[in-house]
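Step one of this worksheet: look at the structure below.
Labels run A, B, C, D, E, F and G following the written order; every chain starts at residue 1.
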Amino acid sequence: MKKLAISQALAALASARVLECDHASRGFHLSVAVAPLELPAAAKILDQQGFFIEAITGVDWLGEQAAPGPTVADQAEHQPPLPSEDSFEVVYDFNHFAKLCRVALRTRMPRSRPEIPTISAIYPGANWHERETHDFFGIIFSDHPDLSPLLLPEDADFHPLCKDYKP
Amino acid sequence: MEIPIIYNSLSTYLLIAAVLFGFGIYGIIKHRSLVGILISAELVLAAASINFMAFNRFLAPDPVIGQMFALFIMGLAAAKAVIVLSIIVVVYRNYKSIDPEDTAELAG
Amino acid sequence: MMPLFTVEGLAGLLFFVFVLLIILGALAATHAADLIRAVSGLALCMVGVAGIYYFLGSPFLSLMQILIYAGAICIAIVFAVMLAEPQGVRKFRRRHPIAGAGGLVASALLTWGLASLALKTAWPQAPEQINPGALEDVGRAMVTTFLVSFELISLVLMIVIVGALVLARQGRSRAGPEKSSNS
Amino acid sequence: MVTANAHLPIVHFSSLDKLLNLGRANSLWPLTFGLACCAIEMMATGVARFDLDRFGMGVFRPAPKQSDVMIVAGTISKKMAPGIRTLYEQMPHPKWVIALGNCAIAGGPFVFAGQYGIVEGADKIMPVDIYIPGCPPRPEALVEGLLLLEEKLTGSRRWPRVNPE
Amino acid sequence: MSDLAVDPSCETFVLNMGPQHPATHGALRIKLVLDGEYIVEAEPVLGYIHRMHEKMGENRSYLAFMPNTGRLDYLSALSYNHGYVSVVERAAGIAIPERAEYLRVITVELNRISSHLLWLGAFVLDLGGFTPLLYTMDDREQLLDLLESVTGSRLTYCYFRFGGLYNDVDDNFGPGARAFIKRMRRRLPMYHKLISKNVIFRQRLEGIAPVSAEMCRKYGATGPVARGSGIAYDVRKHEPYSVYPEFNFDIPVYEQGDSMARYLIRMDEIEQSLRIVEQGLDKLPPGPIMAVKVPKIIKPPKGDYYMAVEAARGSFGIRLVSDGSATPYRLKLRSPCLSNLSLFGEAARGLLLPDAVAFFGSLDLVIPDIDR
Amino acid sequence: MSLFPEIIRIMAYVVGVLAFVGLNAAFLVWLERKVAGHIQRRIGPKEVGPFGVLQPVADGIKLISKQLVVPAQADSLLFRLSPVLTMTLAVTVFVVLPFGPSLVARDINIGLLLIFAFLSINVLALFIGGWGSNNKYAVVSAIRAVSQNVAYEVPMLIIVITMVMITSSMNLNVIVSQQGNLLQWHIFPWNGSILSPLAFLIFFVCTLAETNRAPFDLGEAESELVAGFHTEYSGMGFGLFFLGEYASVFVGCALASILFLGGWQCPLGIMPGVHWMLIKTYLLVFVVIWVRWTFPRTTLYGLLNLSWKVLVPFSLVILLVTAAQLKMPWPF
Amino acid sequence: MSGYFKEIYDGGKSLLVGMGITFRYMVQPVVTLQYPHETVPMTPRFRGHIDLACDQAGNHKCIVCGTCQRNCPSGCISLKGEKPEGAKKKLLIAYQLDFTKCSLCGTCVESCPTDALIFSKNYNLAGLSGQEFILDLLKRQEERSK
């Protein structure tokens, strides 16, 4: 059972909080929250288990949304503690080609220091997704080979998907 | 309107050949690239061919000899061009330049 | 001097056109900084030379001249330029002006010498207006009188082809980029 | 009489002009240039069902130097706009521009308060001759637009008008 | 002699393909570093048709975002419609009547065929063959007439609604669809004779640009690209949604991973889609096409939801983050084309320029889907 | 020698050849678009004049009145020279083509040689056009065109040499006169070489490649190189390339019909004349168009492989077999 | 060696088969629909721009509730109503559709409580300016009902 194997492997990480979700109502099986610094380790585990990367998403938790822990109640408890601060969340969607097991790997960082390590060395496909996330949110993926804008114009200096973006 | 008819005299052709020869020599000295030198050398060969043809036309009894010589020169010119060009390509591959002086410097 | 509007007159005009072609072509071939221009000049010059051959009574040779020089040698040179000239650098530095001037002087002296030789020498008068060599005669001569030289030329060409192949391959294996992909 | 004579050359010029315009109008070569959804309908107009080649307009040229009409088919993003402008400038005179679809006319459904990415209409970056609305327009609309351009050039319409109702 | 350092930059030059280039199928630029005609490096430059879909998702109500989904991948708009309505239905807990599900599957599969037909034509056009494009477009026009009679549009459909469909099909749809299936089954062998067996075509595709299964995994490539590399991954089978489990169809898989394999996958998929449509028409149940209880204004509970569907180009996913209000808090659109294109740079290295064009065509990309 | 009849004759021929080249290009443009249309199940030009026959005229007017842009980065001399040269060479070749028993501008002994001499410069013209444009697509395309032409000139010339051996003449009119009726055409194995059908095939393929027609149109590969060597040409510069291309297609097909299909001779041996020449040539041109609209484009490597690995060996075999057959008629 | 000849034979055969197919299509009738002379039969569900529906009497059914305006994703509908003195219902005095922003999603038609909106069949619109497609539907409706 892939789900069991991967949840055990991920749970071994110090900061990881693993939560099983109902696939029928949520669309993924495991929701795993890790601290930013342990992200590459988590990605490496997923890589070893043969997962492929679907997408990387940023979410901007700002103002009133950030305070109570915006995701459904079940997540509030396993979220690494960053409660009442404005924060960015980055969600990595992984899936497996052979066994059905969707893993949503989450990490949060304070909005004032939006910096997390890149996983593009482990998954080269993550390169563009991270660039795109940097485009939209201004999140800096440290050690990323090239964080120049992917979808925005070359000289863009704005991050349109931030909730406080004003054109 | 009148026009001088000069195509019936041997000296005209020899003169043309001489001019072409001069151009060829000048080009060989002046050009800075191997290909340019090759181009100028072709001029020299053409000058020689013209001389052969002219002498044949005006002086020799057999009409074929001059043409044979010119044909052979063409064959030689083609052979020379091919071999020189392949050398140039090899030289370029090795030195990234087709300037004879660069080649000399690098070889030394 | 002949009136222009006669067959001979027009032929004379044509002759001047060919001479002009030769001189223009030679000028471009020796003077152009861009190699492709020089090659075009060479082709032009050779077309002029082909015209001269026509006046010398050998249309066959004039067409061969075009076929081999303009069609084959110029293309071969173009090939070499393509292979050997980096895309960025299209122009070549001129040689030192003194070299150019020296070349000019040397070639002018040579030309003057040759020209005066051509003009001063008392060439024996042509025996008679001989008929131009027909194509069949050339062919026959090639495989009879000149058989040995003909074979030699073919041998030389053969060696040249093999040699060129060897040289080109050698260059490729030494410095050529890795072509690991499908072939 | 004098005035009539003075007018003569102008008449000549205008008839020459007429001929040139007739030639141009019947040989409008579009630039192969698609941006988004409408480009597919542009393709659909060129193929067998509608066959732009009937009007001599089927020669889609990939190079701007050889085309007469630029069909802006799709949304123009701010990143793309300078490129489109360059293409337009590369086209030799005389040249025309057709804005195909709502995006090319005014930004279409992608206009909203606070949008940061698109140019709201092709006419913001270059002169546009014909506007064809729709999202995307049916191929008939593009044919109609090209016929309208022809009408604009020659001053008369050679084809029957179709009333869709 | 041999220790002479050769500067590689001397022999290479940079060629910018696009943003206006016939082979890029839209506004995409590929920066190519070429050595002669060999590709040393290929870097796609995106964003020329970025249309802010994700920003718009945060700005408008759930229903008002519907038209956008038809304009992402406009060639298989219905799949995208399907993905979007499904994720909202999943989030809001709306159940859909069976007839609506069947009609969704039928129309989505028809749309997939039309998408593959257009791809086939455009792909052969990339290889320099113009005529097959007109044959496939002819077939596609028949299909579009059919879909237009159902949905009212030809390309950018906006046909599904939360809880069902915009309207039911009319009586002509069934016979029309069957006639199309019959026609297509006659035409497919013709395409194989004209295209697949052609020696020039085969020479240009076989063994060109092999993509390994591992590469697909590292880059997240899905759809025909992954299936051409031996990965039997299809969301319809792997993670069944809608009424796909009721259908009997196969997932074509080829092991070679070359351009030919990707081509054959799509040709086989057309066949499989025809099968699905045929079964769907046979099984189509009567009944309503709209769920009874659909709230006028949809407010899904807080939380995030994911939904993946198999679009014509691979797995299209939507991650919906809801804050409980009438507009999505965040809407992430996972585009299959972006992931499929991301492996282009690596796989194209060492190819010849024409082979790279063929490879690019075999990836079947819709640029606005990449740029979103 | 009286001059004026001669001059008038020359002028008449020049005008005639130019007019024919123009008309031929117009007709071929129309034919190509019509045939392509019907192959693709559409109509092709229709609205401009009856059956669209005025379409080429409209295109011509359009092209002439279009602005001619010489790009700033181009070598303007070479850039301007190239289309003119292409056109001139194509026209020159028409001078020796025999359209009828006496309808030939200049019936010279070595007509075949003249055609190949001038066509061999053609590729130089294309090259300087592409090079002079100083556009990367154009340069790559020019390089392709040269390699392709060189590769296909070899088998083509070998076949032509074979035909010269069979006919023992380089005079095109003489070659045609030898093929009185259908049974005497050189394409049939009992006239000369037993491999002559194959020779015809090779010659035809080489014609396609030499004239840059699909599937060998690498020079103007639209999906790779935009418009190839004429990417930067606008208006009539482009138009001249077009004229030149159609003229050389015609010359190629005319040569094939002269060498193999009896030129202006009637298949039944009655009423020979210019119409037969035109019918045969345009039939071959039709095949050229048909091929173009059927196949995808080859790659440069596929094309060179075809030439060096298939066409050259085959043509050499044909040459040897024919030579053997001519010298020792016994086994045949 | 036999592989070499077989390859040539197979290749040549595939080429001939391809030419056979295109030749067959060439002699078959064309599928072109000559648009300005003939027209496509338009499906009743075709979505052109929206129009105000006419009832038997030639009146529109709009009650100026503004649902369409609110529901339109691109905000291309703007309508104005007025309550004349003493009347119960509001009366439509202007209905403007900015067709250049419309995405033809059909939300307005679907949401209209009185079915006052229909899709028109205007499938071949083209004009010389973008302003032409900011349509006054009320005027169009009045013209049609005449």
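Everything below uses one rule, namely that a contact is a pair of C-beta atoms (placed from the backbone, for glycine too) under 8 Å apart; a residue touches a chain by one contact, two chains touch by 3 or more.
Note that the coordinates shown come from a computational prediction; the quantities given were computed from them, not determined experimentally.
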item	value
Starting at chain A, fewest touch steps before arriving at chain G	2
Number of hops, chain F to chain G, where each hop joins two touching chains	1
Dominant chain pairing [most C-beta pairs in contact]	B-C
Distance between the centres, which are taken as Cα means, of chain G and chain C, whole angstrom	68
Where chain A and chain F are represented by their mean Cα positions, the distance between them in whole Å	63
Distance from the mean Cα position of chain C to that of chain A, given in whole angstrom	71
Where chain E touches two or more other chains at once, by residue number	1, 4, 6, 10, 13, 21-22, 47, 50, 52, 55, 60, 67-68, 71, 131, 134-135, 138, 156, 198, 200, 352, 355, 371
Where chain D touches two or more other chains at once, by residue number	32, 47-49, 51, 54, 62, 79, 109, 112, 114-117, 135, 138, 159
Residues within chain C bordering two or more other chains	5, 39, 60, 64, 72, 79, 86-87, 174-175
Chain B contact footprint on chain C (complex, rising order)	1-5, 8-9, 11-13, 15-16, 19, 22-23, 26-27, 29-30, 35, 38-39, 41-42, 45-46, 49, 52-53, 55-58, 60-61, 64-65, 68-69, 72-73, 76-77, 79-81, 83-86, 92-95, 99-100, 102-104, 106-108, 110-111, 114-115, 117-119, 123-124, 126-127, 130-133, 137-138, 141-142, 145-146, 149, 153, 156-157, 160-161, 163-165, 167-168, 170-172, 174-176
Touch list for chain G against partner chain E, complex	10-12, 14-15, 17-18, 21-22, 25, 31, 43, 45-47, 71-74, 103-107, 110, 119
Of chain D, residues touching chain A in the complex	78-79, 114-117
Chain D-touching residues of chain F, taken from the complex the two chains share	33, 37, 40-48, 52, 54-55, 57-62, 65-69, 222, 226-227, 230-235, 238
Chain G-facing residues of chain F, complex	35, 37-43, 46, 290-291, 293-295, 310
